[in-house]
Structures are given as structure tokens and as C-alpha cells.
Amino acid sequence: MLTQNKSALVLFALALPLALIAALASGPVSIDLGAALGDGWRSENSDAVILWQLRLPRALLAILVGAALGMGGAAMQGMLRNPLAEPALLGVSSGAALAAILMLYYGFSLPGFWGLAWQSGWLLPALAIVGAFCAVACVWLLAGRGASASRLVLAGVAINAFLSALMALALNYAPSMFAMQEIVFWLLGSLANRGWDQLLLALPFVLIGAVLLFCARNYLRALSLGEASAASLGFRGRRYPLLVLAGIASAVGAAVAVAGTIGFVGLVVPHLVRPLVRQDPGLLLWASALAGALLLLLADIVVINFVGAQELRIGAVTAFIGAPFFFWLIVSARRGQLL
Amino acid sequence: MKEKKHLEASCLKLGLERHGQPVLSEISCTFKPYELTAVVGPNGAGKSSLLQCLAGALKPTSGRIELDGQDAEQVPAARRARLSAFLPQAEVPAWSLSSADLVALGLLPWGRPADREQRVSAALNLVDAQQFADRPVTQLSGGELRRVQLARLLVGEAPLLIADEPTAALDIRHQLQLMQNFRRQADAGKTVVLALHDLSLAARFCDRVLLLQGGQLRAQGTAEDVFTPALIGDVYGVSCEFRWRDGVADFVPLDLL
Amino acid sequence: MHFASRILLLVLLALPPVTLAQERIASLNLCLDQVLLNWVAPEKIASVTWLSANEHYRSAPLPEDIHLNRGRAEELLRLEPDLILVGQFGAQRAARRLRDLGLNVVSIPDAYSLEQLLEQLGAMEDALGQLQPLQQQKRRLEKRLALPVPQEKASALILSANNITYGSGLLEHQLLEHAGFANLAAERGVQQLGRVSLEEVIALQPDLLVFYGGEKDFAIAHLAARHPVLKNYIDSGRTYTLPAELGFCPALVVADVLQQLTDKRKTIVNAE
């Protein structure tokens, strides 16, 4: 059992570079991959430009966003002691999306300095991250001192509903021609036309999130025993849940900022890999990051190779790929295994 | 860091309020090394709250807890976790960890000691649970899970052991085994505090008894001193009788008062 | 008799020209709104559609206390305009009703190609009379179209919002061809609208990359145009941005666009 689990994780780790190569090889234009690689990063050759400036950042962004979502989902499930939790539950995604929407449709009225930052494009994701933090802070304040997991979930559901209503309201008054369509982008997620700038923007926030969650890994382990036991094992006070929430907001907020809200990954990936790490909530963070990255990269390969009038929504594809695993998991749970 | 072998824990005028209602009021008592103390009292007397305050899972609203004369609130959480180990009344594992992995969680305050696996299997041996070391805890019966959780409590080196109704759900063999275990821990110099409902077990194994009623300390002392039919009748509302035979007490409740 | 006719002629000459008799003009069409706002004196405009209040469409100031109509007959009836302009589509029921009530309603055809554009300008001229900016625009366009198309072609590709490109059969394509560009999208068989990925833009290496303007604000739809991979094009000045008006009222800008595209081609060919 144990060796089987380990080999499954090794398989994931090996599949990631293979999927990366597949992602680099797929696209509407066929390029000579070897020559483009040889030409190097600075080459003006169009094959090299396509590889280094278009395909590589997009593939790496898929890996980064997938890892952030997987890790965020694992942390959220661990903190709430609930396998049905996902990062969006505490308003992280809707907070980020609402901030982005407000900026998109009402941001142009801001004075000159902001207008400049607006043009460069980084303000939008940065604000989305702030929005994610604000949403989590609202949940935190609403839940109150020393909130239990169930109170946090309740507060999260309430804040989430409120934010969704605000999003609809903001949309109703949106003056832009693209308003409706932009909402679809934000709510279903997309990696199209993303470049190194978006990757570099999200990377530090995702890394900060990973470090925060790393610091909280033993808290998540202790929390498998419940809040009182965790407190007696030295994880007392609000410091640790705040650490986890900040980690999730940072990693997932950054992912939402550059790729929109891609569902499913944060919910199902931790489920899929939990048996592979012997249910350890600490190790689950990294295993989920790995599996989330792989799932999103595979989904993006499908998106790229899908021929159609419109680009397929990556959120739909993640469900397409991930759901069968989930079915299998449910069926095997019925036979008294796992779960 | 130098590990403490012995620890004296005291409650000084401990008070706790919840939703404006007093749960504990002005409780003062001391738990000493080499002593096995039973906290008894009817449902809602505040046994669990007292134990949770002692373990640092609840913060008292007034008064304080001292560990070897030092205010426990001033002790860093990580250090306090190495001083006391706690088993709550109902500990439901969130994930179906294997029994061995759950026991290993008891070592979290000590980081990752090299002899982790030996310690875990030794702790499982103590509670007669080594045979389900690899079994997921969600597949254990209530009593089996309780034993695994006790192994988690005992696996560390904390000088103060606190357990809330450890004997609940255990069969008579494992109740006996458990109390013998705690007796041995106390004899080895640990300070052991148990909340118990079984007055016979309390009388037989414990050096001292605290009797709580309505958040107040009604009596403390040896079992012979506290377990008088008059006091028990007053606190529990039952008429009863204690039969002492070779140091083994037999508590027989007779009728409602 | 002879004298009398002379007097009559003098009197007639002293009167303002008949064609400028329309003193109050209303419009039921967004493009015609813009034509009025840009080319007709503000005091003569009785009403434009409510869409023209949107900054996105408006290229000329909106006169104060102008009535913004929502395409309903009764609104216009009250204003008693001398002339009501309607487009080929939209507000047709209101137009019919107004016409039945005896108002002067003139339908101006829409324009989706250069040929239709000339017809449209002609129709406007007929309705509005000797309007100097309108006639000037028409003359400029006719002159441009009469010039021979340059033989040595440069290549161009349009990259609009949401990775949309414009192929054969569209006005944008005709403009590129007339200015001496080969539209790479049309060469790849795109008819009407098609999609072009950034990879294809890089692989096709057009001499000129054409954006569609209008939206100054950040939008995900414009992410492709902001991708750093296009930095080379922007830095070397090999880009051109079509004005947003070209999309909803080409009559206003088409002569300028043609001129600018021709100039752009010249600098590109000379640079090579």
C-alpha cells in the first residue's frame, strides 16, 4: 500500500515534465521545438519567440495556478476539517473577482497615477489579491474571536453570497461594452494570452502563500485531532488560523488575479491525493500542489488543442478531466476502501 | 531544552464564564508529581472546563494556572505543550489516519525525534493496541479508538497528563489496564489528572479526589475523605454505599433521593 | 413680363438655398447621430439617440438641452423636426409611423464596404444638402479611391479584441488592400471575422500589425494586444490603430484612415 502510494506520487512528478513538453509542443502553429530551444531565450526567430515568449510562460502559469489552487484547497480542507471545503468557500475567489470587476469597470475614473498603473496592467491583479485578503478579513471579523470551523464556514457562505450579489450589482451598472464577456472570463477562468508579466506577478504571492502554509503545516496536522487537542499540542490562539488564511488568500488570490476563478481543482485534487499521503494534512499541501499543477496543465493542453469557434473554458476542462477520478474514488469508497 | 521530569500545577481562584454564565468559580487546587488525581462530579459540574483550562485549551476569565509557580499564560504555547498532554472528552479525528500516524501526532511538540517509530509502537503496546497500528482510525470501534487516543496522550514526555473521561467506552479489561497504566505513570513521577464518572475506579486508583458541583469545588482529599454517603448524596442526589475491601472500594448507588 | 421674371429671379436669389431649409433635424440612428453632431451646426439638431450620450461613441460635444430619444415616434412628434434621418435597420416602426403622420423621414443606407460607403455619403448629401464637411469628406474619399493601388504590397494583419481578425468581404479588409497592404487573414482564407492567436501573429510576421481602437481601459479582451511578445512591433512603430468609429460609423473617418494607412505603408516600404 505504502510503496504503491509513493510510486503514484513519483508518477505524478514524472508526468509533470512530460506534460510540460506536450504543452510546449501544442499550439495553432507547428514549430521546430528542438531548434527553438537551441536558439535560446533571446532569439528573434519566430519559432523561438513562440516557444519562449508565448508557450513557456503560459505552461508555467498553468503549473503555478494549478499548484496554488491545489495547495489552497488542501489547506482549506485541513483548517476546516471538512473534505467539502474549497478555497472559494471563505470568499477568497469572489473577493478577488469583485475587486477586479470594480477596477475593470470603474477604475478609469481614478486620478492620473492610478491610470498609469492601470495601463501597465499590474494594478488589476494586485488589487484582486487585496480583494481576496479583504474578503477573508471580513469572514474573520464576522466569525469573531476564536471562531470554530463551522462558524467560519457560515461566515464564509454569508460573505460569499454578499460578494456575489455585489458582483451582480456592479455588472448591472457597468458601462463597458465587454462587461458581460469579461465576467465570463473572471468566473470561468482562462490562461489565454498570458505572458511572463502575469507569471512574475503571481509567482511571489504564491511563494509567500506556500511559505505561510509551510509554517502552518504542523498546525494542520494537529488540527486533525480537533481544536482542543490542537491547542493542547501547542497550537493555541488566532495566530495559526490567521497564518493559514493569509497563506490561502495570498496563493489563491494571486492565482485568481491572473487566471480568473478556475473551479474544481481546489475541491477535488486534495481528495484525490489524500490517500497517497496517508491522509497527512501537512504532506497533502505539497502533494495537492503537484497534482493540481499537473491537472491544470493537462486541462490547458486540451484547451489549446481543442478546435472550435471559441476557446474552451479551462474551468470546464478541469472538471472533465478530474471528475472521472472522483467517480472512481466514490465507487471504491463504496467498496469500503479509502475515504 | 532541558526536559522537565516533574511538574506541579496549581489553580488559583480559577474562574471561567461562558455567554455570561459562570462555568467555574474560584477553584483553587494543586496537582503534584507522583499523584493521580480524579476530578469527579455530576454532569455539567465543570470537570471538562477545568481540565481544558489546565491543558491550555481554554483561557480562564479570572484567576490563573501556575505551572511550577509560573503563570501558565506566560509560558510559550510550544513549551506548554511539552509540559502537559491532554485528551479531550470527545476527540473525533477529521481524517482516517492510520492508528500509528495518529499516535505520532502526540509527538508534535517534540518535533521529529529519531526514535519516533519505537515510541509510537511502545505507546500502542501500553494500551494493547499494537495489532491495529496500520488500521485507519475510522475503521476502529469506539473503545479501540479511545485506546489509540490514549496512546497518543502517553507517547510524549509531558510531566502533566490530563485526560477527560478516558475510561468511557472501554470494556472492563481495558478500563483496568488503563487505570493501571495511569497509576504507573504517576508512580514514575508524573502528575496525572483524570475526569472520571466511575467512583469505584477513582477510589481504587487515585491518590486524591476533587469533587465539583455547579462549577464550584465541593470537596478535595483522599477518596475516603470525599466519598461519604452524605456528601455524594448531597452532590449527586442518590443514596449510596461504599464497601471497602483490601483498599479496593466498591461504590453501590442505591436509590434516587 | 420680362421684367417681372427678372424681379422674381432676384427675389429667389436673395432667399437662402432651398436645400438648407431644414432647420430642425432629428436622428434615429447612432451613426447618423455622429454625422449630425460632427458636421451640422448644433442649433439645427433637434434630437439624437440616447446611445450618443455614451462617451464610448461620442466624438463631438453634445449640445445642451438636446433631446435624447429612445426611438419612439411620439417623442419626435412633439419636437416637430423638419427632417428625420433613420438607418436601414432599427426604429423602423417609429419611422413608418412618423412617415404616415406626414413627417419628412429619410432612410440612409448602412455601409459595409467602400462602394456602399460612397452610396451612403451620396444619400446623406441628398438629404442634408450642400453641407461642406460632408461634401469634402466625399470628395476626399473619391479622390483616394481613384488613385492607383500600389503594386509593391506590404503585409498587414488585424488583431482586434478577443483575438478577432478581419478577413475578406469586410470594409477593414478593403481599406488595407486599397492602401497597398496584403491582408494576411484574407490570404489564409478568413472570410468576414476569424480568430488569430498570438502564435499565428508571430509566425505570420506581418509588416504592419493593426489594432482596433476605442477601449482605452484594461480589459481581458485586449490582453493579446498588451502581450509583451508584441513589444517589438510597438517599439518599431509597425502598428496602426483603427479608430473605433470605423466600427459603427465609417463615413466619419474612412478618408483619414485610408490616408494614414497609405502613409504607413510608405514608411514601411521605404524602411526596407
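Going by the order they are written in, the chains are A, B and C; count residues from 1 in each one.
Following the convention adopted for this analysis, a contact is a pair of C-beta atoms (placed from the backbone, for glycine too) under 8 Å apart; a residue touches a chain by one contact, two chains touch by 3 or more.
As the structure is a prediction and not an experimental result, all values here were calculated from the model.
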Exercise for the section: Determine, using the mean of C-alpha atoms as each chain's centre, which chain is farthest from chain C. Expected result: B
Problem - Chain occupying the middle, per Cα centroid - result: A
Completion exercise
For the pair chain A and chain C, the C-alpha centroid-to-centroid distance in angstrom is 45
Fill in the blank from the handout: In whole angstrom, the CA-centroid distance of chain B from chain C equals 85
Problem - Of chain A, residues touching chain C in the complex - result: 27-29, 31, 44, 46-47, 49-50, 53-55, 103-104, 107-108, 118-119, 121, 124, 175-178, 181-182, 185-186, 190, 192-197, 309
Handout entry: Sites on chain A touched by chain B in the complex
Key = 81-82, 218, 221-229, 231-237, 274, 278-281, 339
Practice task
Provide the residue numbers of chain C that touch chain A in the complex, in ascending order.
Solution key: 54, 56, 161-163, 195, 197-200, 202-203, 205, 215-221, 223-224, 226-229, 232
Exercise for the section: Quick one: which bits of chain B touch chain A in the complex? Just the residue numbers, please. Expected result: 52, 55-57, 77-78, 80-82, 84-88, 91-98, 101-102, 105-106, 108-109, 136, 152, 162
